[in-house]
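Here the chain labels run A, B, C, D, E and F in written order, and each chain numbers its own residues starting at 1.
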Amino acid sequence: MSNHLDEFQAYRTRMNDRIAEIDHLGIKRFFNLDSMAYKDGALSAKEKELLGLVASMVLRCNDCIDYHILQCVQAGWKDEELYEAFNVALVVGGSIVIPHLRHAVESLDMAHAR
Amino acid sequence: MSNHLDEFQAYRTRMNDRIAEIDHLGIKRFFNLDSMAYKDGALSAKEKELLGLVASMVLRCNDCIDYHILQCVQAGWKDEELYEAFNVALVVGGSIVIPHLRHAVESLDMAHAR
Amino acid sequence: MSNHLDEFQAYRTRMNDRIAEIDHLGIKRFFNLDSMAYKDGALSAKEKELLGLVASMVLRCNDCIDYHILQCVQAGWKDEELYEAFNVALVVGGSIVIPHLRHAVESLDMAHAR
Amino acid sequence: MSNHLDEFQAYRTRMNDRIAEIDHLGIKRFFNLDSMAYKDGALSAKEKELLGLVASMVLRCNDCIDYHILQCVQAGWKDEELYEAFNVALVVGGSIVIPHLRHAVESLDMAHAR
Amino acid sequence: MSNHLDEFQAYRTRMNDRIAEIDHLGIKRFFNLDSMAYKDGALSAKEKELLGLVASMVLRCNDCIDYHILQCVQAGWKDEELYEAFNVALVVGGSIVIPHLRHAVESLDMAHAR
Amino acid sequence: MSNHLDEFQAYRTRMNDRIAEIDHLGIKRFFNLDSMAYKDGALSAKEKELLGLVASMVLRCNDCIDYHILQCVQAGWKDEELYEAFNVALVVGGSIVIPHLRHAVESLDMAHAR
């Protein structure tokens, strides 16, 4: 099974570098604000990553799902806990989320396989 | 300040009763599945309500926001924690979420005022 | 129970008249194309209205739901058939559709009450 | 022309098996509810598949489109009827649906080519 | 004709003040970034407001439409130009945008009537 | 760097030809209406293409982004101006737009590289 997480991360790094090069003040600040939103605060970084994952699933964005799956695994969420989050996303977002549930399950397995 | 949470809850109860009366097996099972998704499991009910709230905000559904605000307050989430969840939803979903952030903040204040 | 279908139809007529007055060629043609899409063809007008209803529900637009509910009732769809269509929309679109399911059920009851 | 329907079906089967293995009660029930929504009832299975197809197109999900195209062809919908459903989805969902219309037309041709 | 723009602006001001009071750093920075995005730069403030309006229409947010209608009128866009922008939004977003087109036309008329 | 714009254009041409062959009156008229929406009028073709680009970004459609990037470059928009439009789309649509921002930046670079 080829690992699409590696491809995603390589593409993400390459294009984020290119976007940084453009040096647009608004875009740069947005990227900072985005990073800041997931730092420890009144909620822990770990809790916030799970929020980001569910938001990504109901909005049906595979790249965003991959990013947050990796962050969630690193933050210490266990598979059983992530499956519960997948289920909330599925119930809120409906069957249209199923292709992204497949992707999320595959990415989670890949995250453990590397 | 009139309390739109009361109106929402009265309407929700009245129409959920009417939907139950219709007695469609698929719809009834969906409602059960929806309730079940927020029960204690590998994630706590409290954690899942916060996931439901953020999903509702990025999908921009005021009625869903009101429902999950009430559940989150009851589950014990503090305002500072909820503001953090609002911020994640705002960053993920963008300025199009702002009208729903206004609604969420108003509903949270109303939830404390009753 | 006040009938929001009457208000919707009055507002729709008033604003469609105002839009016609603007006389923008592209907008006028779009409105014509929209009407044409629901005329008898390889699929019947009746079948197409049901498609329009489900599309409106998963896209979560109450005004569009009201319009297609009225058209579906007039085209001869029975309540039990419409409940089945509501269920498909609910399963495809998820719990975020529930507030619009409530609205659809209320509008269907109102359509019979006039 | 390589047939993306074969790839889709293989991936779908593989990942649905993996999801079944996870054995999460909520997710399993959701999959059952999803299957049940398209069975004969007050509306026929054939009619419901067409509803599922249009919902998938306006929500812009290619995998869901592929699934329902295959089901619609098997249920006996003719190409001219499906083109009419495509048109309803296009008018409701706008030009943003065009890339998915291209995909749907390609998948329909592929469904006949196997 | 009662003027919903006045109500919208009063509510917006009241709730933005309340949100400012909460004093969440991420939310405050997001609001600043949002304001900054519409300032003169490589594109003029006038051009950017029109982009904001079309984005609000295709994302179907009436409050956002009202805000950008007011900004566009103040920036000097003429009605005929705004109708063209409405048409682009309608074609991109489809008939699901029509209720928001009605709202936009009504708000534009109201903006001139005050 | 392989050029996905070439692939997109080849696929778009092939499938648009196939759709034309189907010869569905509603679909043909929609395609005409879509072309017409971007012609010079009260707003210039150049201005309208930028509106189409931002609409495509907030609705998160890569094919639509590629199409409008090519049109915008041809219409004479400079990179600095397009970056400003990207920023408006990012702020309106939130971090969920970031993968499409990456795509847009890559496509813009590719448009210059051919």
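Assume a contact is a pair of C-beta atoms (placed from the backbone, for glycine too) under 8 Å apart; a residue touches a chain by one contact, two chains touch by 3 or more.
Since the structure is predicted, the reported quantities are computational estimates derived from the model, not experimental observations.
Considering the contact criterion stated above, the chains in touch with subunit A and with subunit D alike are B, C, E, F. Identification of common neighbours of subunit B and subunit F yields A, C, D, E. The angle of the rotation superposing subunit E on subunit F, based on CA atoms and rounded to the nearest 5, is 180 degrees. When the interfaces B-D and D-E are ranked by C-beta pairs in contact, the top one is D-E.
Using CA-based centroids throughout, the chain positioned farthest away from subunit C is A. By residue number, over half of the contacts seen at A-D repeat in one listed pair from E-F, B-C or B-F, namely B-C.
Using the average of C-alpha coordinates as each chain's centre, E ends up farthest from subunit D. Centre-to-centre, using mean CA coordinates, subunit C is 26 Å away from subunit E.
Note on chain placement: the centre of subunit C and the centre of subunit F lie 30 Å apart, centres being C-alpha means. Residue positions of subunit C touching 2 or more other chains, listed in rising order: 26, 30, 33-34, 37, 55-56, 58-59, 83-84, 87, 90-93, 95-96. If the chains shown are joined wherever they touch, the resulting network links each chain directly to all the rest. Note for the complex: subunit D touches subunit F at residues 60, 83-84, 86-87, 90-91, 95-96, 98-99, 101-102, 105-106, 109. Interface of subunit A with subunit E (complex): residues 25-26, 29-30, 33, 36-37. Interface of subunit E with subunit F (complex): residues 33-34, 37-38, 41-43, 47-48, 50-52, 54-56, 58-59, 64, 78, 80-81, 83-85, 87-89, 91-93. In the complex of the two chains, the subunit A residues touching subunit F come out as 11-12, 15-16, 18-19, 22, 24, 26-27, 30, 34, 55-56, 59, 61, 63-64.
Chain contact summary for the complex, subunit A toward subunit C: residues 58, 90-97.
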